[in-house]
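Look at the two complexes coming up: chain A is in both, with chain B in one and chain C in the other.
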Partner chain A sequence: MSDAVMTRAPARSLPRIKGSAVVMTAYIVFLLLPIYWLLNMSLKTNQEILSTFSLWPQEFTLANYLTILTDSSWYMGYVNSLIYVVINTVISITVALPAAYAFSRYSFMGDKHLFFWLLTNRMAPPAVFALPFFQLYSSVGLFDTHIAVALAHCLFNVPLAVWILEGFMRGVPKEIDETAYIDGYSFGRFFTRIFMPLIASGIGVTAFFCFMFSWVELLLSRTLTSVNAKPIAATMTRTVSASGMDWGVLAAAGILTIVPGALVIYFVRNYIAKGFALGRV
Partner chain B sequence: MTLVLDKVSKVVGRQTHIHPTSLELQNGTMNVLLGPTLSGKTSLMRLMAGLDKPSAGRILWNGADVTGQRVQDRAVAMVYQQFINYPSMSVYDNIASPLRLMGKGAAEIDAAVKKTADLMKLTPMLGRRPLELSGGQQQRCALARALVKNAGLVLLDEPLANLDYKLREELRVEIPKIFEEAGSIFVYATTEPEEALLLGGNTATLWEGRVTQFDRTPDVYRKPVDATTARVFSDPPMNFLPISKTGNRLLFGDGQSVAAAGALNELSDGRYLAGFRPNHVEVKQHTPEAMKFVATLNVTEITGSETFIHLDHHGETWVGLIHGVHDLALGAPLEVWLDPSHVYIFAEDGSLVVPAAYAMAA
Partner chain C sequence: MEKTVNQKAWFLVLPVLVLVAFSAVIPLMTVVNYSVQDTFGNNQFFWAGLEWFSEMLHSERMWNALTRQLMFSAIILAIEVPLGIFVALNMPKRGFWASVCLVLMALPLLIPWNVVGTIWQIFGRVDIGLLGYTLEQLGIPYNYTQDIFAAWATVVVMDVWHWTSLVALLAYAGLQSIPDAYYQAAKIDQASRWSVFRYIELPKMQGVLMIAILLRFMDSFMIYTEPFVVTGGGPGNATTFLSIDLVKMALGQFDLGPAAAFSIMYFLVILLICWVFYTVMTNLDKRGVVQ
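Showing the complex of A and B:
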């Protein structure tokens, strides 16, 4: 052992390029390049963006960010998006928890078919549902409200939430349920006090996926809103067509749109690995 | 307090898990359910606990019918083979949880938890989470939770099966002591005859969803009512030999015979099933009355101080447990000796005709 270290020590002092490091570096550069370029643009003036090619801002400016954070037509986009995303996540998880529990604990007629059928909802592109949702919500007066978008996204998020949560719940032995009942826990108490803490990471992962889908989904949210509940993604695309190309502000908006997702993914990264291990994410 | 099962049965789909069973368990007794895997031990326990509803029959607790009652309303506690605790709570909260649900006062709960933890040697671990403990400690935690409740009926479903050998022996000694004090009805499921004998109390032997015998443990061991019970309550299982008796000869296999000795000589002529335990097989003549059999030796297993010999005697597979280490030639005929006082005689349908003389004397 010590011999091996001794003989390897001089070799390490030589400048040697590891193939794996090169591949990794290249991969990360390619991955981060568009994000860097977006950041680069967001810190430049429009004039610099259009006139010169520079790898970093020559005239560093935060004006683009200021525009977004002070103009309500911009920042309300974020607020609207966050509102319906949060509503959607809460609804999806609240609805999916009992459903997933039923699928994981009981066998009933057609349970496997129903479980699979839930997933088929995700197989259709959102565009398919844009028309019926638009017509339906317009006729019942839900058009241009946050709840409209949240409910529309539930169509995709509830099945996914059920699917992910069921995987986590299956990992909890049924004996824990029974022991709790024997100890005197009622179902509700058992579910909230004992069961939910056990699958807390699963709930976290599910919330993340609901959040992510709802946050990035553009078509339905744009179709179902006009002014009051207009999401940030729609604001960005409409700006392009309305007032020409305000490159810097758009880039800043893009950066700010990435931030919430990046934050969420940072907090649930360990749980997602667990979700992958359970084969459900 | 008594728990009475009155012709209880459980049928799932087309399979009968428990055939109609009647049992009466008395307060302050240890009752062992002994049977191989899939014999219905767990099914029977779940019926006793109220986790499953019987397909037919009634369950009486102190004379009151509790057949359809919710498990939450029954005074039962249960420990599983797997170490089942509430992972998100500390050991203290785990043990305290049934008491809290009963609405006991904080001081009372604290005293009860500390006392039980002390009994189960968990006091230093009270602040930890169950998953941070060793397997033995986790199971102690589960046992503590079952004990602290002071339930009238405590069900232990192979609680020691997943523990390593050392811990198992340790807990196996402690459990009867602890439960003697508690004075509840204890039901203990196990696959191991040895465990049943060590725990004492009463034993019900199970075979394919039927209770074949329920009596004091030593009595079941010594006087099994039929061949099935004898097979279940013996490890390795009891050896059998179909015999027919004419005059004073015992005939078996292809015309071989030995002189009948002892109680065997007093049987009326006819066909029987002789049974003997592996530990009564010897490789040399040990008593003047011993009968000699010639069998083929297939396998020997040496465990250090004992040797298991697997024999083939005219198509019947026998296992013998011999003291000491023996180096025997495989595949060769081997003379084995059996004292007639160690032989049980069963009728052809399996019911006991004459118990072995040694068992009667004991």
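Showing the complex of A and C:
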């Protein structure tokens, strides 16, 4: 198969066509091949997966997806994940907006140290925090709730949100603030009516990143939940070991976890590059 | 931009401060608390001073994990950064295909980390995985659960697959910000492709590349889920990186004292390296390389 890939890449881009197209095709094939393989497996029966080796499903079946979409212990995993991801995104952006404004506009006592300290939380390995989080949230009675996971994910999402938003806000000329204040706008009205629309793309990008990092994280969300708020990622690991490797369902569950991400990417595609540069381009 | 001095700005930062204090400082203090105490069960704790720290400093297990971790981070940075730049240089500049490339490249970044692990675990299996099967058919011995080299190769390729796009997208954003006039000037001077890269593109990408290296370093240094799903830290301890070792110690064996001391030293190492990066970055900021 890898031979086929190698020959297909140059074949598609006949002479004349630039080398860059070849490079991009090869790279994207490299990216998509493992995902395709998962998709391929999710459309096969377990028996076919284990008995025959084929590049596409011989007996096409949607049974694996049906299993997931009809069993509440499976699909509630997606619902749980989406709930805490959305809560986390909302919290992160709400608290990060004023802070980023402060960092981008004013200098105050200890601002540089504070900014670095915030960044260090983005660097903190979740493994360090797993056990203390478990104890903290158990003791305040939040264990196994969506809000616990959302708050825990704030550990790395809030600093990131402040970092990205600060980059975008720096690009807005200060004269706009001053003009608005002269025109008699209060801070709150100026911020929500004038400033936020100006950095709307920045807020969108930040939401994307908060969504992304909360959606992909497993260690903390698994440690902090048991039943009611169990994320899909944890559902996958447990059910698999219990049912003795149900490869087809595992693959289907994996494909379904990619879908929300793909949708979000599609909506922010024009801002991805700038967002990854944290607004600093 | 000149900033005004305004101490009231503290009020704007307050919500973040409260939230992060709750989700970072309290747990961190718990860790510090454990790291200086010993317990014999029944919630009875005894002051142990710096005993755990000295124990961990002399523990071969931790040094081995740290060496593996540094090696892993170094390898993936050495592959992902040049490869990411190379891909970014070859990306279409604008139009339909640019969007297609962006969307497809960002796809691996949004896959939950354990699914990334699962994908590669399946992909590399000799019986049902495309990669493993192909290598087997070609007569190359490949078994990531038994062979140390194969395990490392799988984990490294997986990380390259997962994160190279991040570097590429950043470098691409940097390239997009270069005005066409620069290229035209280079054309008039008959600059070679290499000197265009070396004297125009690379300096302009410097800022975003620092961010890329910083993010990649941080995330690779705390990598846990992906290698854990694929190899479980094995064969033996060959791919037991710092986080995997820590979780084994803290949640598996419940050795709270040593695990806490381990955590703190782990955190300090990351902090130190990131401080260096951050200082370099803010210096670049000041020189106006990053706008």
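Here is the rule we use: the second predicted complex is superposed on the first by the 254 of 281 C-alpha atoms of A that agree within 3 Å, B and C clash if a C-alpha of one lies under 4 Å from a C-alpha of the other, contacts with A are read in each partner's own complex, and residues count from 1 in each chain.
The working rule: a residue touches a chain if its C-beta (ideal position, glycine included) is under 8 Å from a C-beta of that chain, and two chains touch if they have at least 3 such contacts.
Treat the numbers as computed from the prediction; the structure is a model and nothing was measured.
**Student:** Who does A:Met169 touch here: chain B (first), chain C (second), both, or neither?
**Tutor:** Touch status of A:Met169: no partner.
**Student:** Would you sort A:Ile203 into first (chain B), second (chain C), both or neither based on which partner it touches?
**Tutor:** A:Ile203 sits against neither chain B nor chain C.
**Student:** With both complexes overlaid on chain A, does A:Ala148 touch chain B (first), chain C (second), both or neither?
**Tutor:** neither
**Student:** By residue count, is chain A touched more by chain B or by chain C?
**Tutor:** C
**Student:** So, A:Ile93: does it touch chain B (first), chain C (second), both, or neither?
**Tutor:** After superposing on A, A:Ile93 lies clear of both chain B and chain C.
**Student:** Can A:Leu43 be said to touch chain B (first), chain C (second), both, or neither?
**Tutor:** Neither: A:Leu43 stays clear of chain B and chain C.
**Student:** Scan A:Ala262 for contacts with chain B and chain C and give back first, second, both or neither.
**Tutor:** In the superposition, A:Ala262 touches chain C alone.
**Student:** Figure out whether A:Leu250 sits in contact with chain B (first) or chain C (second), or with both, or with neither.
**Tutor:** A:Leu250: touches chain C, not chain B.
**Student:** Sort out for me which residues of chain A touch chain C in the complex.
**Tutor:** 1-2, 19-20, 23-24, 27-28, 30-35, 37-38, 41, 49-50, 53, 91, 94-96, 98-99, 101-103, 105-109, 111, 114, 116, 118-133, 135-136, 151-152, 154-155, 158-159, 162, 170-171, 174, 212, 215-219, 223, 232-233, 236-237, 247, 250-251, 254, 257-258, 260-262, 264-266, 269-270, 272-274, 276-278, 280-281
**Student:** So in the complex, the part of chain A that touches chain B is made up of which residues?
**Tutor:** 173, 175-176, 178-186, 189, 194, 197-198, 200
**Student:** Could you list, by residue number, the parts of chain B that touch chain A in their complex?
**Tutor:** Touch residues, chain B against chain A: 49, 51, 70-72, 76-78, 80, 82, 84, 86-89, 97-98, 101-102, 142, 145, 149.
**Student:** Going by the contact rule set out above, which residues of chain C touch chain A in the complex?
**Tutor:** It comes out as residues 1, 3-10, 12-13, 15-17, 19-20, 22-24, 26-28, 30-31, 86-87, 89-92, 99, 101-115, 118-120, 122-123, 127-131, 133-134, 161, 165-166, 169-170, 172-174, 176-177, 207-208, 211, 218, 221-222, 224-225, 229, 242-244, 246-247, 250-251, 256, 259, 263, 266-267, 270-271, 274-275, 278, 290-291.
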